[in-house]
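Worksheet for the structure shown next.
Going by the order they are written in, the chains are A, B, C, D, E and F; count residues from 1 in each one.
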Amino acid sequence: MSRNDRKPDEIRPVKLEIDTNKYAEGSVTITVGDTIVLCNATVEEKVPPFMKGQGRGWVTAEYSMLPRATHSRSIRESAKGKLGGRTMEIQRLIARALRAVVDLQALGERTIIVDCDVIQADGGTRTTSITGAFVAMCLAMNKLEAQGKLKTYPITDYLASVSVGVVDGEALLDLRYDEDSSAAVDMNIVMTGAGEFVELQGTGEERPFSRAELNALLELGEHGVRQMIGLQREALGANALKIGSHGSGGLA
Amino acid sequence: MSRNDRKPDEIRPVKLEIDTNKYAEGSVTITVGDTIVLCNATVEEKVPPFMKGQGRGWVTAEYSMLPRATHSRSIRESAKGKLGGRTMEIQRLIARALRAVVDLQALGERTIIVDCDVIQADGGTRTTSITGAFVAMCLAMNKLEAQGKLKTYPITDYLASVSVGVVDGEALLDLRYDEDSSAAVDMNIVMTGAGEFVELQGTGEERPFSRAELNALLELGEHGVRQMIGLQREALGANALKIGSHGSGGLA
Amino acid sequence: MSRNDRKPDEIRPVKLEIDTNKYAEGSVTITVGDTIVLCNATVEEKVPPFMKGQGRGWVTAEYSMLPRATHSRSIRESAKGKLGGRTMEIQRLIARALRAVVDLQALGERTIIVDCDVIQADGGTRTTSITGAFVAMCLAMNKLEAQGKLKTYPITDYLASVSVGVVDGEALLDLRYDEDSSAAVDMNIVMTGAGEFVELQGTGEERPFSRAELNALLELGEHGVRQMIGLQREALGANALKIGSHGSGGLA
Amino acid sequence: MSRNDRKPDEIRPVKLEIDTNKYAEGSVTITVGDTIVLCNATVEEKVPPFMKGQGRGWVTAEYSMLPRATHSRSIRESAKGKLGGRTMEIQRLIARALRAVVDLQALGERTIIVDCDVIQADGGTRTTSITGAFVAMCLAMNKLEAQGKLKTYPITDYLASVSVGVVDGEALLDLRYDEDSSAAVDMNIVMTGAGEFVELQGTGEERPFSRAELNALLELGEHGVRQMIGLQREALGANALKIGSHGSGGLA
Amino acid sequence: MSRNDRKPDEIRPVKLEIDTNKYAEGSVTITVGDTIVLCNATVEEKVPPFMKGQGRGWVTAEYSMLPRATHSRSIRESAKGKLGGRTMEIQRLIARALRAVVDLQALGERTIIVDCDVIQADGGTRTTSITGAFVAMCLAMNKLEAQGKLKTYPITDYLASVSVGVVDGEALLDLRYDEDSSAAVDMNIVMTGAGEFVELQGTGEERPFSRAELNALLELGEHGVRQMIGLQREALGANALKIGSHGSGGLA
Amino acid sequence: MSRNDRKPDEIRPVKLEIDTNKYAEGSVTITVGDTIVLCNATVEEKVPPFMKGQGRGWVTAEYSMLPRATHSRSIRESAKGKLGGRTMEIQRLIARALRAVVDLQALGERTIIVDCDVIQADGGTRTTSITGAFVAMCLAMNKLEAQGKLKTYPITDYLASVSVGVVDGEALLDLRYDEDSSAAVDMNIVMTGAGEFVELQGTGEERPFSRAELNALLELGEHGVRQMIGLQREALGANALKIGSHGSGGLA
């Protein structure tokens, strides 16, 4: 299986549409190839019990797939009566990644919840969710700022994510579902605008991988994240300048 | 509160887009005013245990709202660990209504599941789901027919639904959320192309209602359903003619 | 199948026994043919969180069937770990219907919960529950009034319910289980003493139904409800006069 | 608090009504003072997975209280989504006790489930359930025998249960709820017609108890069980003779 | 099957190791034959809601078995999503027994939770848990006393437990798993240092048992408990003297 | 906070005791500093439904912490009624890692389940579980081989895991709990005997991390894994030679 829709180091076509939901404080519909995720950010003027009274905010995320986001229909987690391990793992990852670029003190005692609902899945749903959720979170922050509720803009840097992997001995950027499911090595990379790592999750699905392979994948990943951040800047328009007033550099 | 976006007996702008999901056997995105529902029909080549070996098929439905489909964010039923009463009530209604126009014998021993996921809610999500789900089900039937799996086309008539209600003493067709939440009387009507009732659910939310009011609401409802069925015919194009080869008349 | 235990427009023998539970604030054992329901009303001096501090009361209901209320034993919902859709649908209906004839302001900041436990089921368990629950609620109100806790008697009108349906082409009042399970059309009607509708739920189980059939069923239903309300008056005795001091007319 | 409704060694008035449910294979309504329990026995022509293919039968039981069986309303276990520890403990006890007098081989590969639903509780609900459940089980066995499904009558002896306890230093038989809740020592005794123990559960609720107290309580218990068995014989009428054709003696 | 590892009236080798967990306020690893239980006592400076503001404390317990504590692996209750009936029954028993020798007033408004986790099971896990949990609770009390939080030492007497049973017609003390599973009669006895009963749970697993058998089993049980209490005294060392300053006698 | 119990590149004292459970097919108690985990491997002669009939085996794992494994007591997941996200994430990781060094074809159609129960936690419970679980799995394989059930020894290489992190600007190997909770960067590394990566999970807890930091952590991790594998070899004794008969090199 050799990739024929693009070169090994290319990402799929990306579309970042903003304000696609009339109620959410920030909303983004992100399309990466045939993967489509709705990212809706909600602002709640309270924090979880364990954070009360500290004057700091919180950022969290939820992730879900529609039953027919995939080739064959999957049973709803609401019908099963519990969240699966994969869902929990992904939503914990999204939330942790977002918090890495938020100054919770500057946010103040409120919570931002970003819901990532996968409408159609063709690989990379967790990385696409992170890239879209970051923009939805920025939009919600802009709304808070416009309402005069923030003294300092709380987002300290850009944040985006891509998947990379080794398929048939070749290192590939941004895997489709068919590539992902035959990958020997699979890695999700979350990076900041400054070109540093926020999360790195690599798995030898079919076999262990060497240090040299790791390095090749990291190069590809950095290349992909840089492009995603470029697209985030475009989508945010004039508001893009607010991010990282503290001074961020590198990839952005 | 007097309606100012249209006349009391008018429905909101409706859009019925087909084939909006690349995996589902039948898919429709239906928009009625600001209410948006994704309807994806799945064909499974088996029936529930209680129907095995009878040579007849089954049609079922599931309904869900995204957390931010509404003004304020609601908690996911998957996180709560159970389906709420409202969800169960609605998905039972959708499924029962769809089955009313399907010849289960003609369908053969297979199941059609229609998932109705509300992306944005502004009143009438259950009636909009039924109207959209009917078209998604037809598309899935067309695919089965094209595969040579059906001898007789199993859909016996059109099926659509609208809400009606009494707001500030006035009978209104197709209620927005703000109208619905202040309605004294609220009714959901599901009818066939032949102009007969499949489901009638009327509730005196604020006060009981008289026989005369009931009759006025039924007139409005029939008027609305007739328009919805016209739009379904358009969306189905050439395939529209297959429905009710047994001979249906009336509204269609 | 032609009905042979009574005429099509007759209800089954009804028994309304009051004060059948020594603890409940209001208790009724209602028997309609072979359907038996225990209705116990509880008064709690608090309201649900969403109603706190408004000075208004709340009325709610729960519905359950004993495992052996039916021909074959059904598994307990407590053992399954969740309420089924049918149960939720019915208890929401009972509660909504009861609230339609209660002045929540006059009730004051307290809750009335009516438990409807079906001891034996032979059709019409939800309509029988409503008819019995209304009387149990009245008895609880009488106790509150006797304790001097009410300024105005909060029940504004009578409320009763019957089922109607079309079986073998014939419109029937008050269906037994065997009639109900072979009905082409099935309708539950909840009406007030003033002869107005509180709930109307009609379903074309086997085929859609016409406007003419609907009208015939409504006539039968009104006839049945009138008799049920007569029996409620008898059961309540001298207290019957308190209901609807605001002035109710019609059927009662 | 000194008992004034009867002597310390007297049981409350007992009523054992049979065939009180039209569907169950065996049904009993048992009343002991103000405690009322519906006992419905169901025959299922299968056994649990762990017993399949052994040619032996199984007896099990379920126990539940209506929400308003008690002074203040308790939340349904179906609404909580799980059975409480007390419920599980009691239904395990009832089932174990019943099995002690059943020849499972003679029963054949089928299951008897006895549902004990407490309609009103005034102490002793578990002992009353056992005494009633035994009779319901016998009635179900009689039906099986009448259908020619049994070679040997599978019930080997009578089985009944009473509670005893020490209240204010006095040993009492068959405790009311108010006595039970102030008892220093509390014991449930299940015995056979032959006067032997099947279950003995004694608890020092407020203080430990001595061997002498234990012996006094056992005397009272034996006395109470003997009376209960006499009442079971009456309720069973002519069928009473079938029990323990293997030859039981003692109390019965 | 005749017992060959020891005499019928002998207990298995017992080991009571204290302070085996670095975090718990009191910790004991108890080994009885091949049965091993970790007992960890936690002190929480609050009481359950139903006890708030009474100035009295509470003692509770939880019991669990590791999946591979037994011959064949059992499924975790956390994976099943609920506690089984056996688990609930046992942890209620442990807690009730512990409370019987605690002066809750003297404990003050705090809770002691004793976790009993069975690492390896070879019969008698509930009685072993009680015997170990008592010592863990004492150690936690000692810590509270050392911190000056107690005016009166709250433990009023020793408490230990053993199992007894009838196997192949012979009364045995302290049953191994293979003995327990073939026992005709099975009894768990919990006694105090003063030689009185706290809990007595006897079951005729295979057949009912007579008064004479009961007496023989009680003798054996008293004999076993006396030895267990001796071992508890040793394990507690100098602190052993604090127990029952109110004056306990008998077995201790 | 500067580490004073050992050098930054040193692991804590490790103890690997084998055969610590009398029932499990393979059992290991692993101690790393104050972290203690019981690893019990079970062999089941069946595979999950999705793998049936393929002639291949499966390896899975479960992870749990005793309530008092930590400073303050945590609520049991069995009592909560569901597994937490952290638990699911960890047990998925352990299982995935183990499978990376197992030839499932050689294992044949059977399942190995490794239960990792944390008795005491002081950082690194997931890495310690992997290191211990590998040995428990080997012991179970040895038993299968001794029973003549395996043609080829299915374990292809060693597998061990350590944690590394950046604390106060310093890269540390094998973090204690206090170090872990103040780490800016945290990484778990799973490697094979051949010195290749199986899993790499790095998180910028407090800030993103650079490529240079990543490289330093990987060096430390490789150093730690090499020592862990040496200890595994010792614990396995003569059986150590069987691993990777296919020919593994590198670290081992």
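In the analysis below, contacts are C-beta pairs under 8 Å (C-beta built on N, C-alpha and C of every residue); 3 or more make two chains touch, one makes a residue touch a chain.
In UniProt terms the chains read A, B, C, D, E, F = Ribonuclease PH.
The model shown is predicted, which means the values in this text are computed figures rather than measured ones.
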- Where the contacts of chain C (Ribonuclease PH) and chain E (Ribonuclease PH) overlap, which chains show up? D
- Item | Set of chains whose contacts include both chain E (Ribonuclease PH) and chain B (Ribonuclease PH) | none
- Query: Going only through chains that touch each other, what is the minimum step count from chain B (Ribonuclease PH) to chain F (Ribonuclease PH)?
  - Reply: 2
- Task: Please flag the chain sitting at the greatest distance from chain A (Ribonuclease PH), going by CA centroids.
- Result: D
- At the place where copies chain A (Ribonuclease PH) and chain F (Ribonuclease PH) touch, is the share of residue numbers found on both sides over half (same) or under half (different)? same
- How far is the middle of chain B (Ribonuclease PH) from the middle of chain C (Ribonuclease PH), if each middle is the mean of its Cα atoms, in Å? 29
- Note on the structure: Averaging C-alpha coordinates per chain, one finds the centres of chain C (Ribonuclease PH) and chain D (Ribonuclease PH) separated by a number of Å equal to 34
- Centre-of-Cα separation between chain F (Ribonuclease PH) and chain D (Ribonuclease PH), whole angstrom: 52
- Message: Can you list every residue of chain E (Ribonuclease PH) that touches 2 or more other chains, as numbers and ranges?
- Response: 81-83
- ring traversal (chain D (Ribonuclease PH) first, then chain E (Ribonuclease PH)) gives D, E, F, A, B, C
- In the complex with chain F (Ribonuclease PH), residue positions of chain E (Ribonuclease PH) that touch it: 21-24, 27, 34, 38, 40, 42, 44, 62, 64, 66-71, 73, 76-83, 87, 113, 115, 117, 119-120
- Query: Which residues of chain A (Ribonuclease PH) touch chain F (Ribonuclease PH) in their complex?
  - Reply: 82-86, 88-89, 91-92, 96, 100, 157, 187, 191-192, 194, 196-204, 207-211, 214, 218
